[in-house]
Amino acid sequence: MIIGLITDFGENDYFVGTLKGVIKRINPQADIVDICHGVPSYFIQGGSYVLEKTYRFFPVGTIFLVVVDPGVGTRRKLLLATAAGYSFVAPDNGILTPIFQLGRDVVVRQIDQERFFLISGSSTFEARDRMAPVVAHLSRGTAPSEFGGETNEFVVQPDHCPKELQPNRVEGRIIHVDKFGNIISNVPGKWLFARLLAGGFQHFTLWINDQEIGEYRQDYASVSPRPFLLIGSHGNLEIAMNRRHAFRELKASLNQKFIIVFS
Amino acid sequence: MIIGLITDFGENDYFVGTLKGVIKRINPQADIVDICHGVPSYFIQGGSYVLEKTYRFFPVGTIFLVVVDPGVGTRRKLLLATAAGYSFVAPDNGILTPIFQLGRDVVVRQIDQERFFLISGSSTFEARDRMAPVVAHLSRGTAPSEFGGETNEFVVQPDHCPKELQPNRVEGRIIHVDKFGNIISNVPGKWLFARLLAGGFQHFTLWINDQEIGEYRQDYASVSPRPFLLIGSHGNLEIAMNRRHAFRELKASLNQKFIIVFS
Amino acid sequence: MIIGLITDFGENDYFVGTLKGVIKRINPQADIVDICHGVPSYFIQGGSYVLEKTYRFFPVGTIFLVVVDPGVGTRRKLLLATAAGYSFVAPDNGILTPIFQLGRDVVVRQIDQERFFLISGSSTFEARDRMAPVVAHLSRGTAPSEFGGETNEFVVQPDHCPKELQPNRVEGRIIHVDKFGNIISNVPGKWLFARLLAGGFQHFTLWINDQEIGEYRQDYASVSPRPFLLIGSHGNLEIAMNRRHAFRELKASLNQKFIIVFS
């Protein structure tokens, strides 16, 4: 059984290795896959982004451990969600918002069966002590219902989706900057074009830091030195520059708002 | 059989990939687990720290390859230690100090059976040419005694443990800074509190760079902007700040000494 | 079957995780090995370097997915090369040059059988949509000929090998800087010494940024603070400094030319 890991733990600490040890000890056959440990520290929306854009490519049955957890050690819940044949274990801070939005198929449970937990005396590494054991036992076939009862009370990220300010104005946010410096937004391309057409508009421009970006392209191989817009392979609107680091050049910041204007 | 890798090789070079190739060629069934490749370059204590805090979470039988090796190419020995059901392969520079301290169970061997080595003509990548083949053969069931005889002569890190300067003063060192900027020390929490109580003291403060840190907390969710102390999930004393990078804010440096005063 | 990944995708994005998902979905038994995702963005020679220096250590039969792809989305071809019992999938931009040079054994195919591709509607992530499915199907036993016909037209990197400017002058390039700051060149040690001897010369010095480097050593444990030359474990000429970051100290840059003078 495949267990995919998404965290903000980085790769230079003992965190990730310890998670793998805990899982392997419970299920030596687990096939652990590093998806991403480079989510910016504490940035919940960044974890949601990586999860949303990767999970559906994995085989049905894959279990995801998703940990960005600024509230570790406090009384926030731990969740086990199942949807579309996948399982997701995460703290209850909104990081599973894209999964909650998958529709009727979604079942969310509060993990409260302490018999699965490690007893370490620590309150600062619940990924190791509580969440990793749960995914390991899940991968051995323990039923989701064994870990806790269903719940309808869980945190949903309010900024996960872009906001319609006016019929011709949308407010988006920067949710990621990739290795190439491309700026990824929370605006789904399909949603954007549907709104554009529904409003009878033909063009759109993006305003960020008093700069207008109006050029729209299909790929990164632009000949222009100016920033341009495209729909990235993840499906969201993206700001890019030809072999340059758009995020730095535009002095953008993570979670920053921007405006899209239809005309 | 699981082979866990701890190195200071980083992830941007050909080093780690080559180790994996060498291991897989000898034992295609080996289950290679990346524990950490981000130990600061040449910082032996940093490698010891990651090893000490992760190995016990892995299943008994796991083999660890631990390489921080500023003396590569010189005549330092290569060691194979076995303890608590685990095996450890490393250069003889003190990096296995936490394992040596496990007690009577520990057996240390000098790896000198050259028939297991690759012949590459290089003297600068012994992890590839000597240590990786040894862990691969170990994972196939070759007995530890095949690789070399037992030895009682090996390097122990003098700074692995904190020092008692006076009954009410302890000198510790910074051995790690984690991704979140938390400063991890070489002072075990249990040891610290045992000394505190044994001396009839009730409080302790930490002095670093002329700054006194006296607040002690259970978790990271402090409301104060000031640095505070806690026992991290690894069990050692740690200096943290609420969602801020304590290492940078305090202008700390790796291997730096600090003083703890009991009162 | 082992699938080794070499990319410039970094480890902080959703790219690598998605590749793994696509591969696992087609072949859940695939043994995916991260070789290196830290090739400098768009730096094709850097990808060639990691490939050239790692592939031969893996078991025969290993499949390599090698992606540094500044031309993604344009009409450049995708290639499947087989040589020495290994398979290599990559964009046609010269990144497989070291494989092409292996001799008669090499067969290069143009991947054009679209039935293997994912249909995503994206043109900016062909590693996910086209190359990953091909390596996954290869790992399940699909014959190379199923993916496309043989071709003799493919890009070869002109700067892969050093250039002989005069009988006593060679022009090399910097193709990598490792984690320790060592500067790795495209000059193979064996080739260099063969030229030196063939010309009746006895010494060589290297000129970079108006600095002459003449000291040659066998390992990194030099006592001198000055930069020195050695043949690295990868077999190429390297500029190093004793526990210092030679690349920064010498103000070198990637792909920079330098001159070697024989005397």
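Order of writing sets the chain letters: A, B and C. Residues in each chain are counted from 1.
Everything below uses one rule, namely that contacts are C-beta pairs under 8 Å (C-beta built on N, C-alpha and C of every residue); 3 or more make two chains touch, one makes a residue touch a chain.
From a predicted model like this one, the values you see are computed outputs, not experimental measurements.
Q: Is it true that over half of the residue numbers where subunit A touches subunit B are used by both copies, so same, or is it different?
A: Here the answer is different, because the shared fraction of interface numbers falls below one half.
Q: Quick one: superpose subunit B on subunit C by CA and send over the rotation angle as a multiple of 5°.
A: Result for this pair is 120 degrees.
Q: Using mean CA coordinates as chain centres, what's the gap between subunit A and subunit B in Å?
A: The separation of the two C-alpha centroids amounts to 32 Å.
Q: Tell me, which residues of subunit B touch at least two other chains?
A: 11, 34
Q: Per the contact definition, I'd like the list of subunit C residues that touch subunit A in the complex.
A: Residues of subunit C touching subunit A: 8-18, 20-22, 24-25, 28, 32, 34, 41-42, 70-74, 120, 122-125, 128-129.
Q: Which stretch or stretches of subunit A touch subunit C in the complex?
A: Against subunit C, the touching part of subunit A is residues 2, 4, 6, 11, 31, 33-39, 49-50, 53-59, 62, 176, 178-180, 218-221, 230-235, 243.
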